[in-house]
């Protein structure tokens, strides 16, 4: 290889070797087994496996709940990022640290806690029940659990971008007479928009796959509150490996496409602002 | 300095809203864990905490973390070095591959391993002929945990090492430093806080992983039940205090994680300010 | 609109950025705030704009007390040091921003906004680039967009923070002239901040020289240059050569070198000389005995700059002589000459 002599720093072969070994064993090898399992299915079997009516009902529930959860997180995350990036106040550090709680707390712990709090006789559920709001064992509960576990995505992608926004952008808008709301909408929001979309997208992707936090509060009633992850787990418990693999292939495809879309969109957006001509 | 939204009314209103929502959404659940754990007093809590079942679950949880963290630490460093210090064909693909565990459902992760190493999997059937069983045993739980947590260290290191560039290491090479010396004396001091941070995240996830390990564990009491699985098992058995005892233990670990993270951030922030 | 600054001061924590100071700027005047970094010039400009609040004192625009008027209600045009263009908006939208930001009762129609923006873009010769994003423009073009944006709201006061600081020398010269024309055409009152004395002297009707949060001198460029109020102003306005020694009977001595001072003048231990005030000769005369050695010669520009050294100097001197003198004397590195001062300047010792 002609480029090899140009590599100044040592360790190329070693790090390439270690990385490829790891990636092959840990990431790629298990994926080959998925392809192997899928190849035992004919197209019609595959189609039947992923269009089972109970499964289709779970697609709907999962998508609806994940959409609601990520929209909530977009707003909540924007508020938290703004407050943490722009203001100083006593207790700010604690509030800041709390934002990471959903990532640090095991999902199963979050799951049983939310299920207990929001059950009809739980601390919060008993307050909501007289108002006619049922959370546990409904799609709302699923959305709540998804929202809880994916809180940090929007906050942590938007916060640094807001902190980087030069004070001069604010000042320019103010000297031109803009009101708070107008300046936020026309100057700040466009600047943080890619981060908001990225964070919301990641939150959505995570919510689609959420399992531990969801299954406790969902109640897992067929056709009503089953999520896709649970359907996979159920197939596995029934030793229907091919059926599980079929669902998994779809789930992986959707997550990867989502990830790819976020990356591509983000890349295009930044290129445009940093002087690329179109 | 004047900034958008720095009027007293706007400021106080937004801060109040943020505090109220965070309390409702995050603080009350966190407090609820401990409330439930101590609902019947200190004695049942202590009894649950010191039971054999819990002790075994703690043991397995620590074992998984102890095996996962070093593997992913070493891998993360090599990967970060590779993609930030060299250009080669396939670099972008490699970086995307690493994000897969981050994007897929943990159940899918468990499933991939079950399909490979289970009795029907091609590798699993070879291994079972040798009487080696990885699935429904602790080695399988370690493997899926490694899969699920492998992006964390690398994701912390790559942006930092990219931003720092390789000028310092190149200077080291011109001064005749060996590879190991280069890493130990130049690279490591620059990345150590990101490294600690990556380890903390890996560790937290390794301790708390539920979806992936539940698929490959088989729930064999005393053998393949770690703390999160124990939480589920006790909760399904209507042993609420027992479930929340283990949950409280995990929540306490989460709080420690958050405190270390906050300390690290404060530390690096202060260093940036004085620099 | 005239601007009155009365007794304005500003502290940041323990440091005092501005000591109480007052300044009157007449309607239609163009005033430069000149000083080194940390002199408080930018703070003063930002206080006039309403971006900072003074700890004491008041600001009036004409008869209107604007001290407590929020920046968004002050109606000033402000041009930021690094332009602060909204990078996700086209050139057109940047310029239109202030017009669109008005409350609906005062807002112009879209057609009027369109007309006004295009008229301004024509004025700044950027009409062809209206649809571009800021990142696709050169520094000079971005600067002109920033100016057009500030002018779109028809401010009576235009404030500029280091307006040409980030541009290269040639573009800078061109933009300066252009700003001066614009100022005369629109007849607003302008205040700009600069650390470049040439820029301040060329553009301003009057220059305010600042250091350490105080005003050192306010004067027209001509007066400022000819009659600097103190040593700081003198040395900040141009290159300075220093002769320090012992005063004996009308002469200032240092080792074997000396300068003959006015017999009537006050005794001093130091005189300052501008490079163009030095005459290079081959022999000393009654005015001075200053033997020097040529250290470097750079015949670039309208004058020839010559670096001089001698045992009696604290730091090397700089002389600038005409090409005519250069051809006559042919100074080369290592050549020995004498310096005769055509003029010198002496100031009361500084307290600082």
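Note that the chains are named A, B and C in the order they appear, and that numbering of residues resets to 1 at the start of each chain.
Here is the rule we go by: a residue touches a chain if its C-beta (ideal position, glycine included) is under 8 Å from a C-beta of that chain, and two chains touch if they have at least 3 such contacts.
Given the structure is predicted, the values throughout are model-derived calculations rather than measurements.
The most distant chain from chain A, with centres taken as the mean of CA atoms, is C.
Across the structure, the highest number of inter-chain C-beta contacts is found for A-B.
Work out the mean CA point of chain A and of chain B, and you get 16 Å between them.
Averaged Cα coordinates give chain A a centre that lies 54 Å from the centre of chain C.
Centre-to-centre spacing of chain B and chain C amounts to 57 Å, using the average Cα coordinate of each chain. The residues of chain C that reach two or more other chains are 50-51, 71, listed in rising order.
Contact of a single residue of chain A with at least two other chains is seen at positions 171, 173-174, 178, 183, 187. Counting partners per residue, chain B has 1-2 as the residues that reach two or more other chains. Against chain C, the residues of chain A that register as touching in their complex are 166, 168-169, 171-179, 182-183, 186-187, 190-191, 272-277. Put simply, chain A touches chain B in their complex at residues 3, 7-12, 14-16, 18-19, 22-23, 26-34, 36-37, 76, 79-80, 82-83, 86-87, 89, 91, 93, 95-110, 112-114, 116-117, 123-124, 147-148, 151, 167, 170-171, 173-174, 178, 180, 183-184, 187-188, 205, 208-212, 216, 228-229, 232-233, 236, 241, 244-245, 248, 251-252, 255-256, 258-260, 263.
Per the touch definition, chain B reaches chain C in the complex via residues 1-2. Those residues of chain C that touch chain B in the shared complex are 50-52, 70-71. Remark: chain C residues 49-51, 71-78, 80-82, 84-89, 97-98, 100-103, 133, 135-136, 149-150, 153 touch chain A in the complex.
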